[in-house]
Every structure is written in structure tokens, then in C-alpha cells.
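Two complexes follow with subunit A in common, the first pairing it with subunit B and the second with subunit C.
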Partner chain A sequence: MTERTETAAPAGAAPPADRPSPVSPAPAGAPVHKGAGTPGNGTGRWSGDAGESFRRNLGLVGVLVVLIVIGIVTRPDLYSDMNWVGDNIMSILTLASVVGVVTVGMTFVIIGGGIDLSVGAIVALAGVWSTTVATQSYGAGGMIFTAVVVAVCVGLVNGFLISYGRLVPFIATLAMLVAARGLAAEISDKQTQVSNNATINGIASNDVLGIPVLVFILAGVVAAGWVLLNRTTFGRRTVAVGGNPEAARLAGINVRRHSMLLYALSGLCCGIAAIMLTAQANSAQAAMANLYELDAIAAAIIGGTLLSGGRGTIVGSLLGVIIFATITNLFAINGLSTEAQNMVKGGIIVAAVLVQQFRFKSLTQLLARNKLRSTN
Partner chain B sequence: MTQHDPLRPVRDLSRRRLLLGGAAVGAGALLTACTSNDNGSGDGGGEQVKAADSSANPNSAPGQKVVIGFSAPAADHGWLAAITKNAEAQAKVFSDVEFKTVAAGADAAAQRAALSTLISQKPNVIVMLPHDGKELNASGLEAMKAGIPVINLDRAFPDALAYRLQIKGDNYGMGVAAGRYIGEQMKAKGITNPIIGEIAGMDELELTKERSAGFAAELAVFGFKVANRRAARFTADTGQSEASQQLQALPKMDALWNHDDDQGIGVLAAIKQANRTEFIMVGGAGSKAAIDAIVADNSVLKATVTYSPSMASSAISLARLIGQGKGMSDLVELQVPKEITLASETITKENASQYAKLGF
Partner chain C sequence: MTEPAERPAADETVPAGVQSPNGTGPVGDPPPLVTPPADTVPGEVVLRLTDVVKTFPGVRALDGVQLEVRAGEVHCLLGQNGAGKSTLIKVLSGAHQPDSGQVEWLGEPVSFGNPQAAMKAGIATIYQELDLVEDLSVAENAFLGHEPRQLGFVRRGYMARQTREILARLGHPEIPPRRMVRSLPSAGKQIVSMARALSHEARLIIMDEPSAVLAHDEVGNLFRIIRELTAQGIAVIYISHRMEEIREIGDRVTVLKDGRTTAANLPARSTPTRDLVSRMTGRTIEYVFPDRPAETPAAEKLLEVRELSREGEFADVSLTVHAGEIVGIAGLVGSGRSELLETIFGARRASTGTVSMAGRQVRPGSVGAAVRAGMGMAPEERKSQALLLGEPIYRNVTLATFTRWARLGFTDAGRERAEANEVADRLELRPLDVRRPVRTLSGGNQQKVVVGRWLLGGTKLLLLDEPTRGVDVGARAELYQVIRALAARGVGVLLVSSEVPEVLGLADRVLVMREGRVVHEAPAGELDEDTVLDLVMAGSLMEGAPA
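Coming up: the complex of A and B.
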């Protein structure tokens, strides 16, 4: 796995992708291994890939169980009340919902070989734009429309700069981070804009069958993301573009357009997240969603998404977000400081990446070494 | 996603583009109109100014012309925005004041550069709210050496030579005021061992530590202590997420102090989302939204302790007096004092009407 991705440059640095030639095979995922989700030319070597991501996700579930057990041991008084436990699970999922939606978009961008540092800024801009006095006069529909369209447009600008302007994704989205927050501050005049729309605010305060609406939205976005990544041509192309853009281009994929769409997709997720966050906070301001880009990238990475592209799962990213939310919850119920919580978060990120590297290097290298030995 | 077929006739593509383009232009026009924040009555609270009434106060009679240079960081928070707005509004009240504002830029270095330019223009007095008192100390000294009195707004310089007047709020006093209100309320309700929560602001700031220290010290007087403390980041969304977790940690609570009314919008939202009503909440700073909520009395928010941006208006009035060499008319001294610390006042339903015009 590592050997393969060393040659994979970020999508933005890819050589010019010419219009697909009519004689090239239809890009309907034909060269893609069934179930594996990665375009492989070797055999056997990739066959364990799906199993590997399953094992990894199982590991994350294990971490989650450990965190919950620590919670039970440290606060038995709270965990003995089943009503509280139900409430707490919903509270953790609600806490994870906004970052979770952003992370789904981020996962696509990273699998496609890019990075989007502007997600927090896009959430803030979309949130602020949708809560101006003028927008609020159009009602909930107008606010949702504004947030989504603004966020998708910003994502498209990101994608255009990266795909056609040949900017490195890191630079383009860093510039957008600064610019979008600036525009948000300009529009809001640096004030906190209170949302007076009962429908929007109700998104955060209403439940259906005891489950908060925000959790349903998260579930919907995750399900849609999973289907898009694993069951559509778009998803297979994403993996192909991120894994090896040159091979993807030769296979007839319009690499540039595809990368651009990935950033638009990330923008779409940010737009949905902006409405959710506005509903939660009953307001929007230019400084909101601060550092969400780092939360989303960290969650995707501990979820097993390869930072150089070509590999990743939506379920892993979701587990990553839930683990972070559970840590926050664990520290809150024990009355520990935010600083200690951030240190633990950092430690978990490093540990997760180390474990992944160790596993992969050792497995593939061990196999290769054993083969060498047995043939000699 | 749609399949891209390069063999598709060009005509079809152009029609699609036309439709998309039309929709994009329409949405663009609609969205541009949506950036307006004009609600016809002006935004948020009004400016906090003292009218120039020379019959009541001979000091406000027009006198020698004073050029006041002003520098404050770009506002990313309602309180800072109110500081700049108040300073401008108060300067307009006086016909003998010329107000020169320079942008403070993004950080201390940018503000230092802006201040050097300002000093070279030789205003009569400089009023500044530094990014950081320690880092801007040198700029204060430079101006004082050039013979320009410096008024430090809220963020103190370590060096006493760097300023003529320092006017600031009382962070420790805010904590004390909040602690006293909660202590008295608990005593009145006969709760001997209350469960008290605290949602602080940015923990890396000195002012947050002072506020929390004052709160803890005053609660200790009553024999109470904080059961759970979370630090948010002065924004509504972080206030909401920290409060939601604190409510999980304290399934039953008697009182809550939230350091900042801007983040309080989120804290109140979290409380509403969790359907909790069993405790009282005290805010901080004294925003217009918080005062309105206290008057309406339909939420857990029963009081807020002030840290008023009106200090910017007072700073401009005092800058004018210093420029004209006058003292404060109620005091015996012929010159303005060197240090003024505002008292943190407690706004409750009973006295809210007096403070309504001071909300920002």
C-alpha cells in the first residue's frame, strides 16, 4: 500500500488531463477490483484490503468501548441511571453531528488526493450569510437554500483553483480559509447574528422517536456518503483519482473535473453543517466552526483515510468523529480541563497513525520477506 | 453523479450550460441581496454616549480643539465592536474633538506599525486598546516620550511610564459579583449545598483566570464551590457545545455562571435543547440580548454582571479633558486621575430598565 501511494501525487499537481479519448474504455469502474475499492493491478496483495478496513474499524469500536468503560468506572453514579445513559448517547451523537457531516465531505476530498482546509471558514460564511436580516426574511427555506448554495459555490471556487488554476490544494484552501472568514466578518459586521427562525432553531431542539433531528441528518449524510463512495462510479473514480491520478487519466477519467466536484461536495457538506450549527447555537458569527478543518482531518485520519489519497472509509471517519465527541463527553462528566482533553486527543491521533503504519508496513513487508526467503 | 460522455452532441451540452448559467445568475442575484443586515432600526444596541450638556457640566462646553488618535483591534466579537462604535459616537458629541482612527491590523506587530504612523501625525491624545498590553508597552512609551498622553483602554501596560491614564473593567470583580448574586440567591432559597456550574471564556487569557478566581473566592465566602467548569471560546457555537456537555455532567444543577453574553446565546440554546429549567443562570458583560432576556424573564437567565464597553466612551471624554488640561469636575483634583477601574454591576429584572440603554 505504501509503495503504491508514494508515486501518487496530489490531484492538483497532476499532469494536464486531456479530454478523454473516445477510444478509451468506458470509465464505469471497469478496472476496479470488486469490493476492494482500490484499482489494483496485482492480485492477492489487495484481496485483504476490505478485510483490513473492517479490522481497522473494529479497532476503533474497541477504542470507543474502552472510553465508555472508563466513563462507567469514573462516574458510576451517572451511568447507573439508564435514562441518563440514553440521554448521554444522544448528547454524544449530537455533539458529533456537525463535525461528522463536515468530515464526510473531507473524507471524499482526502481520498481523492486533496485536502480542504477551508471547511470551518465555509461553515462560518454559509452560516453568517444565511442568518442576515435579509435572508431570514425569506424564512427557513431561504436560509437553507442560501447556506447550501453559498457553500457549494465556495467549494466550486476551491475546486476550480486547484484543478484548473493548478494551485496546490493546501495553498488554495488555506487562502480560502482566510478569505471566507474575512467575508463572513464583513457581512456580519463582526456581530453575532441571532437566528429568530423557529423552524431552523427547531432542527436542534426537536426529536423524532426520542432521537434528535440532528442525529438523523448525520445518519442521512453518512448513508448517502457511503453509497456514493462504495456503490457508484463517482466513488470508484474518487478512489482511482486519489490513488494514482496518472493511471486514472489514462483510464479515461476526467481527473480535473472530478477533483473540482470533490471540493464542491465538501462545500455541500459544509452548507448542511452550517444550518445544523446555526440551529444548535441559535445564531451564527464569523468566528464559528473554529478549527473544524483540523477536527475533520483528524477524524478522517484516525478513521483510516490515507492522507496521500486513494484509501479511506466513511464508516471509519464517522467512528473517528464519535471517538472525539466521546472523549469530550468523558472529560466533561469528570470535570477535567479542556487542555488535558486536547492533549489526549493529540495522543490518540498519533497513536492511531502509528498503529496503521506499523500494521501495513509490517504486514506487507513480512509477506514479501517470507516469500523471498521461501523462494531462495 | 451524471456520466460524462464526450461523444454527446455539443448542442445538448450548451443547452445544459445555458440552463445552469441562468440558474447561477439568478441565485447569485438573490444571494447578493441577502447579505444585507439592515433591519430598518439599526443593528443591536445603540451607542453608549454621554450627551454634552454644558448647563449641567461646564466641562462639556466647547473649548480648545483636541485631536484624538484611536486604535483598537478589528472586532471579531460584539464587545470589541461596541468599543469602536462607542468611541466614534462619543467623539461626535463634542464639537471640539477631531477623531482620527487607525486600523490596528491583525496582531500586535501590525498595531505597533499603525501606532508609529499615528504618533508621527502628532495628535493631542492617543486612546488605544492594545492587542496585548505587554507587546504594545513600547508604543505607549514612544508616544509618551513624544509628548502625547496615552490612554490605555482595558489591557494594561506593565510599565507605568507608558500611559497617562488607564481605564479598564474589573474581571476579578465580575467573578465576585456573579458569585455574590448566586450565593445570595441560594441562601434565600435555603439551598445549603448547591451544585454550581461555570462556563468560562477562552482559558488562555489572563482575564478568564481573573474572572474564575473572583467567582471561586466569593463562592467560598458562602461555603460553596464550583462543581463543573468548562471553557468555551467566546462564541455562541462553542458556548452551546460546552454547555451541552456540562448539562450531561450535572443532571441536576442549582446555578450556572456563564462568563460572556455573546457565547451565552449558545449556552441558553443548549439549555433549551436539553429542556432544563431547574437552575438559575447568571451572564457576563451585559449585552442587549441578555438584558432583554432578563426583563422578559422566560428563561433561566436571571442576572448578568457587567463588563461594559461604555468604558470606550468614557475614555474619549477623559482624553478630551486631558487634552484641554481639565480635571473631572466632581473631584477636587485639577487633573484627570491616572487609573480608573470600573465596578462590575449586577443587572437583574429589578434594575434592568436603567441598564437597557447601556446594553451592546
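Coming up: the complex of A and C.
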């Protein structure tokens, strides 16, 4: 028992003077740590995973800068024109907008420990459903309402099958991918349904203050997603359910209901994306939003969302989407093929995950070493 | 191999340097190990461990283990939970590498870098949870990883024939080699595990509680097989808590306690049970338990469990916990104690029976209902069941309560940190910075976070499952203080622990569970460790001892 001086000092006792401590030797019982943890000596390093996410996002910004530099180097003629640069930034963001909205929902699902392979199919179904002649007769409001309700309902079905039917998310949403596209083809009779609604079509063609409405929608969804994840009980539950479902359950969180809601949220994002995409094309068809699920998952992963759940950021996902859009743009302004572009994207996904694994490993090693040091 | 021979112990190699309980050992310990009388064991020494040490962060799991196993013997390993048996098995099977000390196999010093190496050398391990691939056939499992091949193709016919031969050797020619393992009963699966060992031409088979998965009458068959194996010169290390089995099948016994060999090579049949138990329990570490309150006033009934049963796990458990009382449950792993706790908490659904809090029945099978009724639980597996390791301390502390302080769904991070700070203060959490990720904390402090979670939001009853597992000695004493302090404030505590002294030292009242039933209940002061261990270990210690 004699060696316990460090660990078993009675409350309020002065900590050993030779090491920095966040607790000042205050009289016993005094509120010792208002502001405890404001970095004394090196505690900033431990400011949690938030710091880690921030650093990762900085890395993504770095990647983005590199891509822009490549653009400047390869097409100095274009970049010398500031008007073109402004337009190009807007076209990159517009390109990112639809997938970006889907990715926000996907990020929630993945942080919550699941996966949603059906997002592209939900977008198509919602788009087709909202552009039928009957729906269009209710005007823009009716179309938006229909798209959102259809998409949320499909998400709820996904969630129900996964949470209460105990299907593996991969399987349930894979089945939904197939089924929803099938239903979309059935409803549209495999035809392209033209949207005649000027308000809807205007979403894609109008600007406000020189910024496309689509970009505003993306910004709005991202902002709402960020607040939801970081400032609400819903976000906290999401992290808990994905990080350690058993711990969440034993803390009294209704894990099943929450997982179901996550898929509904993903559906909601798909519904919004469906309207955006319909507006862009002035039409909807069963094959629209093809492979969006892969783009969204890839963007989330590049953004640092852990596929096993429990960790991820909205900002990271947004950066992931923008990086992809920038690559597409880079290839377009250089007149290169989409085939080469896809190969580069594939390489970037692998590189991003490798870098993360490497970082995680070195972090755990650092922890282990630190632990040893502190116990000695 | 019948009676202990009168031979002198001269050639009986008792490993040198078997330590006495460490220098600070308290009085009243059993005497330090003396060379036990020799039991005649034929065969040369196949395995010898000398001073094997294995440490994990914060734990010295093996702290100088001596072990000697001879060809053709059944060598029993005895020790309480946490004595280091599992770690020892893992060292022998190549899953862990010792930090220091020597492992000699067939006279040569060896170091197994991985389980394959150990298996190749002829050491096979049959784990309690059999590691078979359920959807492969018996033959494929037996030869898993070393299938007989020709030109890259598995020689299926040959493999089946070999398997049939091995099964015949094990006395089970009726098991078809091409049968899926999934369709076999657990006794059959165990045979397949042994067939795998034999397919490697194992010379030493380690069996970790092999009887735990077997029905009573199947144990006899297991023993018959073990006898046949040893007759062929194969050595067996047999681990079991059941004394009567050790008496029946064992030749020699080595006792582990706190990672050390406290007795080696005792004759399995003739060593008095008292001796074995005292070697298992004699403490080298004195835990400091807080004093019990002088007298407990007749407090109100808080938790009342009536005839609670869950199929295959526990049956007809009735118990009460009063406000301010600590009730301890002693029992082995598998006695149903953890399952009981989880069922009371609603994490599992009871087959029959009721749980009431303060006179009101709690909706079964709902953790939410239990929490609302004022229960909180610190589960057995801290990391996998209780913590979000990457999240800050304060978010772990408030995991069960953050919704209460939220407004319109928006969390109140300031309030959460303040509440968490208060908890951290009360529990003397170190470090105090509640924004650190929980994974940077030591085991003891992580446990404080789990317990601390339930200090918020008016928890009236705390269910603690192995609260000090993986917690170092210093932090243990602190946790004990915390638990006692909670009880002093009127919180009822229901505590489960594998460590009998912990239950006896901390609890006011003790229930002993065995095989899913409460077999004894008494105030802690009226029980001692030996009695409880007797009760816990199938009550056969007394009968098994020779008169």
C-alpha cells in the first residue's frame, strides 16, 4: 500500500509538485477545475478525437489545394481569367451538390454503424414518383412533398428491416437498391419523365447573389447535418450507437429505434437530392443517380468516417465530395477521359484509407508508449 | 498409477526457485511451498516451465510460473479466476510470448512465435469455446490448416480415411468424417477438437475446462478418452474447477495463484482438499476494504427479485436488496451470475419471475424501464459493453443522462462537462480533464467512469458486474471506497465478483450461486473464504478429500 501515494492521494491533497497537473493545489472541497484541461503542459495533444478530426480535415484541404495547383499548372490560360475561376468554383460546387446532400445522410448511417447501398435507387424512385403527370399537377410543393415522403418512407423500410427484422444493413439496402429501381422503372414505364414545372427546374438554373441555388441547398443540408451531429441528442446517440451499440443499449438508449431513424434520415437526404437532380435534368428516369451510393460512401470514407462506425465528421465528408468533384473538373478542363478519371478516384480512395490506417496505428503506438512512460 | 508411492522425492524435479508468497505476505498464509511427496509418474518430462513471467499493461498476469508435465500423465492446473491459468495456456499454445523465464519442450528451450508453431511442435489446445468451423465437415475441421494435398488439391478421400482412423482411436468411429460440424452435439464437437489435436500428432493436449460443455454422463466418456490418450504416452494438461474430476482423472496438480505457482506436482488423489484450497486462496495481496457501518437500520426494500428464471442460465432466483445495502453474489464464471444481473437490468428477458423496484414491478426486457426505475449497471466487459473509447470522458459519464439536460433535442455540453467534472471530483478520477478520450485512462479510472455514469440522475440501485476486473490494487481500494460511500448515501448495490475475498470484504450480505441457482445466503460476517469456495465449487471439496 505504500506505493499508492500517486494514485490514492486523498481528495484535495496537493499533487506531487514535480509534475504539471491541471488541478491547482486548492483547499479541499473547493471547485478545483473550472476550466480544468485548458492545456497546462501538452494537454492540447489530448484534446480528444475532435483534434484528430480537425487535423485530418486539414489534410483534406491540403489535398484540395494540391488539386487546384495541378489545375493551375496544367491550364494556366484558364486560371489567368478570374471570371472563369469564379465560374469554375461554382461549377465544382454545383457538381458536388447532389452527391453532397446524399453523402450527409450516408455519413450519419455509417457513423451509426450501418451502410446504405440504396441511396441512388431512392433518389431515382423519389425523382420518378415526383415527376409523374399526376404529381406534377399538384405543382412544385406537391412534387417536393412527394419526393421527400417517398424517400423517407423507403428509408424507414430499410431501417425497419435492419433494426427489427435484424437483416444485415448491407443485405437489406442491397435488396432495396434492386427493388426501388425496379419500382421506379415500373412507375415511369422506363420512360424519361420531363418536368414541366418552372419552379422546380429553376432550382438548378437560378442563382442568388451569383451563387447557384443548388449550392445553397448543399450548404443548408451540410449546416443542418453538422448541427444535428454535433449539437443534438440525435447526433450523440448516433455516435454512441455506432461506436459501441452494447454500451449504448446498457445506458438505456433505444438502439433499434435510433438505427431505424438513421436510415430514414438518409432517405430524407435522398428525397432532397432527387428534387435537385430532377431540376438539373429537367426530367427524371429510373436510371438516374446511378452509382451514387458508391460516390457517397467513398466521399464519407475519404472524409475520415470509420466504416465500422462511431467516428466521422460532416465537414470531412463534404471535403471528400468536393475533392471528387474537383478531380472530375480537373479532367474535364484538360479534356481527359472519364475512364482515367475513375482510375484516379479509385487510387485516391485506397490512398485515403491507407493513410488513415497508418495514422491510427501510429496513434495507438504513441498511446502505448505514453502509457508505459506514465506507469514507470 | 494407483497409490502414492513411498518413493523418496529425490528424482521428483520440483522446479527450483518456486517462490514463497512474496515477502510482504500477511500472517496466516499457508506455509511457503515445500517439496510435495512424490507421486509415481512414469514417462520423461516433456514440458518444463521455469520462472515464466508475462505482463500486460497494468497487470502481471504470470509472475514466475513453474510447471512440469510428463509424458502420459494428466496434469491438473488449479487456481481461482484471475490466477493466470488462461494466460498460461496462451503462452503454451503460442498465442502469447513470455516476457522472461524458460519454456522447455522435449528437453529443448523453445519459444513459440504463434499458435501454428506450437501445434507443429506437438502442443494442441482445446479451448472451452471450441474453435471449430461450424460449416466445414468433421474431416475438414480435423485437418484444418494442414490438409493433405496433392498438386494443390486436397486429398479428400485420404483425409476422410485418416479422420476415420483418428476417430476410431478416440473411441468414436460412429462420427462420419464428412458430417458438418454444425450438426454435432457439443460432446461430438469436443471429439472433433481432439481429433484435430491428434491429426497434428500432438504429444501434449491442453484442455481448458473440457467438462464445462458436457452433460454429466458425457464426462465419463471424456475421461475414458483421456485415459486412452495418456496410455499412448500423450500428456494432458487438464483445467477444471471441479474437484471430483481432478480426483478422478488427474495424476498431479499444480496450483496457481496471482500468477505464481504456489504448489507444484502434488498428487492429485491424495492431497487433502484443504491444502489445495489454501494454496489457491492464501493471499499475498491484502485488499483494503472500507469498514462496514456499525449497524444497518432496517431500511426499505429497494430491489425485490422473485423466482426469476432464464432458460439454461439460472433458475428460481429470489433476492432482495435494501437501500444502503451491498449484496454480493459469489460464483464461478458460468454460474449464471452475470446473466442474472443483466436480466434484472432488462438487458435480457426473463423466462419467468418478476423484478420490482421500491414495490413497483419493472417492465421486463427493457433497459430503458430499468433505468427509469432507478437502476444502473456497470457491465462485466468494460470496454466492449460500457465505454465509447474514442469519446471524451464527459460524454461517457453522461451517456445515460445527456438527454435529460438537452433542450429541444440540443445537448447542453457545458452542463454535461460540469456534471462530469463533479463526478470526476467525487471519484478522484485521474486525470481530471474530462475532455480526454476515455481510452487514455487506466483500467481503474475507466471503471470509475462507468460507475460514475450512474451517480448522475438519481440512480437508486447499482448493479456491478466484476467491478475490479483488470484494475490494479491501488485503484481497487479506491473503487471499494466509492462503492461503500454510495451505499452510505442510501444506494443499494448488487455486486457480482469471481473473487471471493472481494465479495466477502465488501458486501453486507452474500449469496452464493452455483449452476444457475442460489445455494446459500448469509451475512458476509458469517462466511469465510474457504466455506464460500466450497459452496462455489460444487460442494464436493469435502466429499472428495480422503478421510
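Just so it is clear, the second predicted complex is superposed on the first by the 319 of 376 C-alpha atoms of A that agree within 3 Å, B and C clash if a C-alpha of one lies under 4 Å from a C-alpha of the other, contacts with A are read in each partner's own complex, and residues count from 1 in each chain.
Convention: contacts are C-beta pairs under 8 Å (C-beta built on N, C-alpha and C of every residue); 3 or more make two chains touch, one makes a residue touch a chain.
A quick note: this is a predicted structure, and the numbers were derived from the prediction, not measured.
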{"item": "Contacts of A:T232 with subunit B and subunit C, given as first, second, both or neither", "value": "both"}
{"item": "First, second, both or neither for A:N254, with subunit B first and subunit C second", "value": "both"}
{"item": "Subunit B versus subunit C as contact partner of A:N282, first or second or both or neither", "value": "first"}
{"item": "Residue contacts with subunit A in the superposition, subunit B compared against subunit C", "value": "B"}
{"item": "Which superposed partner A:T328 touches (first subunit B, second subunit C, both, neither)", "value": "first"}
{"item": "First (subunit B), second (subunit C), both or neither touched by A:G243", "value": "second"}
{"item": "Partner chain in contact with A:G310 - subunit B first, subunit C second, else both or neither", "value": "second"}
{"item": "Common interface residues of subunit A - those touching subunit B in one complex and subunit C in the other", "value": "22, 232-234, 254"}
{"item": "Residues of subunit B defined as touching subunit A within the complex", "value": "1, 3-4, 6-7, 27, 31, 33-39, 43-44, 74-78, 80-81, 203, 227-231, 233-242, 244-249, 251, 262, 265-266, 268-270, 272-273, 289"}
{"item": "Interfacial residue positions of subunit C with respect to subunit A in the complex", "value": "57-58, 288, 345, 347, 367-368, 370-372, 377, 379, 384-392, 395, 399-400, 402-403, 406, 409-411, 421, 424-425, 428, 430-437, 439-440, 444, 453, 472, 474-475, 477-478"}
{"item": "Contact set on subunit A toward subunit C in their complex", "value": "1, 3-4, 7-9, 11, 22-23, 32-33, 36-37, 43, 46-49, 231-236, 239-240, 243-244, 246-254, 310-311, 367-368, 370-372, 375"}
{"item": "In the complex with subunit B, residue positions of subunit A that touch it", "value": "19-20, 22, 28, 78, 81, 84, 87-88, 91, 94-95, 129-130, 132-135, 138, 142, 146, 149-150, 185, 187-194, 201, 204-205, 232-234, 254, 257, 261, 277, 280-290, 328-329, 332-335, 337-339"}
